[in-house]
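Everything below concerns the one structure shown next.
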Amino acid sequence: MSELILQALYSGVLQGGSYALIALGLALVFGTMKVINLAHGELVLLAAYMAYMVESKLGLSPLFAIPLALVLVCTCAVLVYFLVSLIRKDRELNSLILTYGIGIILTNAVLLIWSADVRSTSSAWFQDAVVVGPFYSMRSELLFFVVASVLMAGLWWWLSRSWYGRAVRAVSSNRDAAKLMGINPRTTEIVSFVVAGILASFAGVAIFSYGVIQPAFGHALTVKAFIITVLAGIGSIPGVMVGGLLLGIAEALTVTLASSALQELVGMALFLLVLFLMPNGLFGAKARRG
Amino acid sequence: MDWNCIIRSKLKLAALALSLTAGVASAEELLVGAEIPLTGSLARVGSGMNEGISVAVEVFNKTNGKHTIKVITADDESAPAKAIAAVEKLAGQGVVAITGGYGSNNIGPASDAANKLGLPYITSGGVDDSLTERGIKTFFRINNTAGYRKAMVGLLADMKVKSASVIYSTKEATADLAKDVQKELTATGMTVGMHAFDPAITDFKPIINKIRLQDKSEVILMAGYENDYVGILRAAKVLKPDVKAMIGVWSLATPKMVADFPDLMPSVYGTALLPFPAEFKSADGKLFADAYKKLYNKEPDYLGQFGYVQSMILFEAIARAADKGTLKKGGVAEELAKTDRETLIGRVRFNDKGDNINFVHRMGQHQNGKIAIVWPSDAATGKMNFPGVPW
Amino acid sequence: MYVSKTGLAVIAAAYVAVPLLLGSNNYVMSLIVAAMIIGGIALAWALLGNLGGMVSFGHSAFFGVGAYVSALLTMKAGMPIFAAMLLGGVGAVVASLVMLPVLRLKGPYFALAILAYAHIFKIIATEWSSVTGGSAGLASVPRFPELMGFDLSGKTGSYLIILTVLLAFVAAYRAIRASHYGIALRAMHDSEDATRVVGVNSTLLKALMLFVSAFMTGVVGAFNVHYINFLEPDYAFSGLWVTLPIVAAIFGGYRTILGPLVGAVTVYLVDQLIFKSLIPSGHQLVLGALLVAMIIFSPGGLMPLLRKDSRRKHAAA
């Protein structure tokens, strides 16, 4: 039994790493702009399809898709930003509907271009087993967990040290005060969208390398990302990381201890529970200050 | 497209009428409706079936000589309300019967609508027993859950295993099949572990690990779809449970899987009508394969074969009814009920509920980038590689 | 209640002219009924947005619960269909009760929490198979009965039922909007603080609007299940019942009463008859683009836009 639980924890942690990567982009944009980008999952999916293109058309490793994905996804992210900034009134709610519409456009564009077929990497190198003691995983899972950790650590450092990073945090905690201090909120908003695009690019390539992609997959990613954002509480980067791991572990443990049919239920239940009991999230209290 | 289609068909009809008045005067073009999902969640399987229907038209028109069939296609977008609308639209265009349909939740309402309009409905896209339990006299289908169950259970009997773990999606067709198989296997004294999973799940390692450490079964049965198989097989390759075989159902022993996931497939079993590369021994099979190659320039898959068989049976029934002059008097359904014919999927005969009582699927196994039929023995094209797993 | 002459003429045309002119064409009637089902959800969705100030991405939860309650009551308890349909709406209200804690939260929280509910209900419907039939669903759900020799289960009968349901919704919506609750609610939309000063309990009012919206959506779900006669979790809680109503409501104007209905009929028919033939495998793309364009250029919907346009023309003339 303990062997089962250890493996479930391990699987959950690895899975949680990429959950957190996706959620971080969503949380960052929400922090600076108070906008939930419902097309965020579709941006991740777009990067995944870039990886598919690079592998199937050019015969290269999906890793080579990362530069291509960065360009495309960041461009799309900035486009989303400009569309959102065109909203004249009631931005908080209208942006939800707007980005929901963008999500529909992207899903169907993907369907038109790449058809409804199931895609995944055919590279055996990515899927080889890596065994560390009692822990089993695919090489790609471990690789991208490391990549995700490095990216998130880098982001944390950047947000707390660099001028732009501090500006992003300043705008997300108090827009008007930040303006008074000479920070242009528009710039920081664009920066946060671009960073979200960068994270989405890596996450997309990761998903293609260890999972399976389909055009309708993006929506589910957005929902997972939002669940984690709520678990974390707005504005807490370490919170998002822990939230991602928590969701991954909760899912894996549900499968192990109860039934795999209930895996999706646990995420939703966790989400609602946190919303009801601590609407500021598990780590949000600190961020709320100021 | 709809109007275009009508206009084009009208033009073709006119052209045909002209050419016919000059030549033989007895032939008439018979309209058949195809209601299939070409978009939405079932788009992939729907287009597969659609290819089979087109091939059937091609073959029928070439071989029959007397009657000409023309198919009008309507997309049901994988949604019940639109499936009803599609059937009604086709009825409005004067079709004498409907072929197609995918997913029991679309087929149910669509065939209900067809029944109300007096149109026979034949399908291979829904295996749910509730479809045949309705007692509709105009509903026919050539495959069913029982046929898939018989194939899986039969293969296990050949393997002489004592325990199995079933991993199945909570979707309708897969859950039905899994429970049927469980019932039958436990009745023969086997130990069966059941593992249902939500269709949204992507990481199967925790499930496989449970089987590896707790169930310790001899074989793993998988009832899912392509994305599920890929996930399950990958997880199994990582954890390497001590099993003797990985056995799936539809969409697994297919040329597409051979091409897309070569390293995951070795020794994996799945239902398959024909080996790959296909060898067609019967005359019917050769006609099918040639027409398929001509139209689509690729290897026929099982969806195309089912679509072809269901449509051929329907077209022949329509031709017989037309000969007897009962086309508008419910003759097509009567003739369909009398069907008794050898086909690509074996002998087809309907019971009074419209179910094909003879349907038994075959099991194929991935072997060296090919697919060999390994069950039942009288249809086998290769020897079962047992025990054997992809790792 | 005041109904204008044009209004009466439109209602009369809907009851008499449509069945007489189109009743024999099953295909067109199916499209119209399907569009009206979307219209009903769109109306309920817009009510929540207009009076409650909330955006929902989970109305499929109410639609599905209404459908299951009504289907099960008629199948297992032998209840008459129309009573069961109303109880389907009540079931959706009960389902919305668990959503009350989220009402305190603003903006995206409610919108996405309700989406989580839709997911949860779907999983429950799948897993609780002893009652719901599990993923295999319910087949042969009773159809509408005959009434004085007239078969209500036919296309025209179903059309008349949904038309009546929608008219009742419109009347209820108008009554709510005209009541002092409605006035308070609209004031709340402009400034929540202001209403609190005046002494209106905004959370309670929002909750009432959520119940009304859930009830309407549940009744429409119940209508749909007796019309289609088949139900399974994937279908009952499908995203279909979210996307199209939102597009319809935004397109028609979610701050108006008739906008969502007009939007639904327009969007559905144009989508089915035109877009579908232009882009067979991705015509929803156009719906997404429409949504984006509406939010940016005319978040109030097409109806106000047209009105503005005609006013401009008048001014020019």
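Letters A, B and C mark the chains as written, and numbering starts fresh at 1 in each.
Methods note: a residue touches a chain if its C-beta (ideal position, glycine included) is under 8 Å from a C-beta of that chain, and two chains touch if they have at least 3 such contacts.
Keep in mind that what you see is a predicted model, and the values were worked out from it rather than measured.
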{"item": "Contact-connected components, chain B excluded, all else fixed in place", "value": "one piece"}
{"item": "Which of A-C and B-C has more C-beta contact pairs", "value": "A-C"}
{"item": "Rounded Å distance between chain A and chain B, as computed from the means of their C-alpha atoms", "value": "38"}
{"item": "Centroid spacing, where centroids are CA-atom means, of chain B and chain C in whole angstrom", "value": "36"}
{"item": "Euclidean distance of C-alpha centroids - chain A vs chain C, Å", "value": "32"}
{"item": "Where chain A touches two or more other chains at once, by residue number", "value": "115, 261-262, 264-265"}
{"item": "Contacts with two or more other chains, residues of chain C listed in rising order", "value": "123, 126-127, 281-283"}
{"item": "For chain B, residues contacting two or more additional chains", "value": "43, 170, 198"}
{"item": "Chain C contact footprint on chain B (complex, rising order)", "value": "1-4, 38-39, 43, 75, 77, 79-82, 84-85, 88-89, 91-92, 104-105, 108-109, 112-113, 117, 128, 130-131, 133-134, 170-172, 175-176, 198"}
{"item": "Residues of chain A touching chain C in the complex", "value": "30, 34, 36, 38, 83, 86-90, 92-94, 96-98, 100-109, 111-112, 115, 219, 223, 226-227, 230, 261-262, 264-265, 268-269, 271-272, 275-276, 279"}
{"item": "In the complex with chain B, residue positions of chain A that touch it", "value": "3-4, 7-8, 11, 15, 115-120, 122, 124, 127, 129, 136-138, 210-212, 214, 216, 220, 251-252, 255-256, 259-265"}
{"item": "Residues on chain C engaged by chain B in the complex (per definition of touch)", "value": "25-27, 29-31, 34, 37, 123, 126-127, 134-137, 139-140, 224, 228-230, 232, 234-235, 238, 240, 272-273, 276-277, 280-283"}
{"item": "Of all residues in chain C, those that touch chain A in their complex", "value": "49, 53, 55, 57, 101-102, 104-109, 111-113, 115-117, 119-120, 123, 126-127, 239, 243, 246-247, 250, 279, 281-285, 287-292, 295-296, 299"}
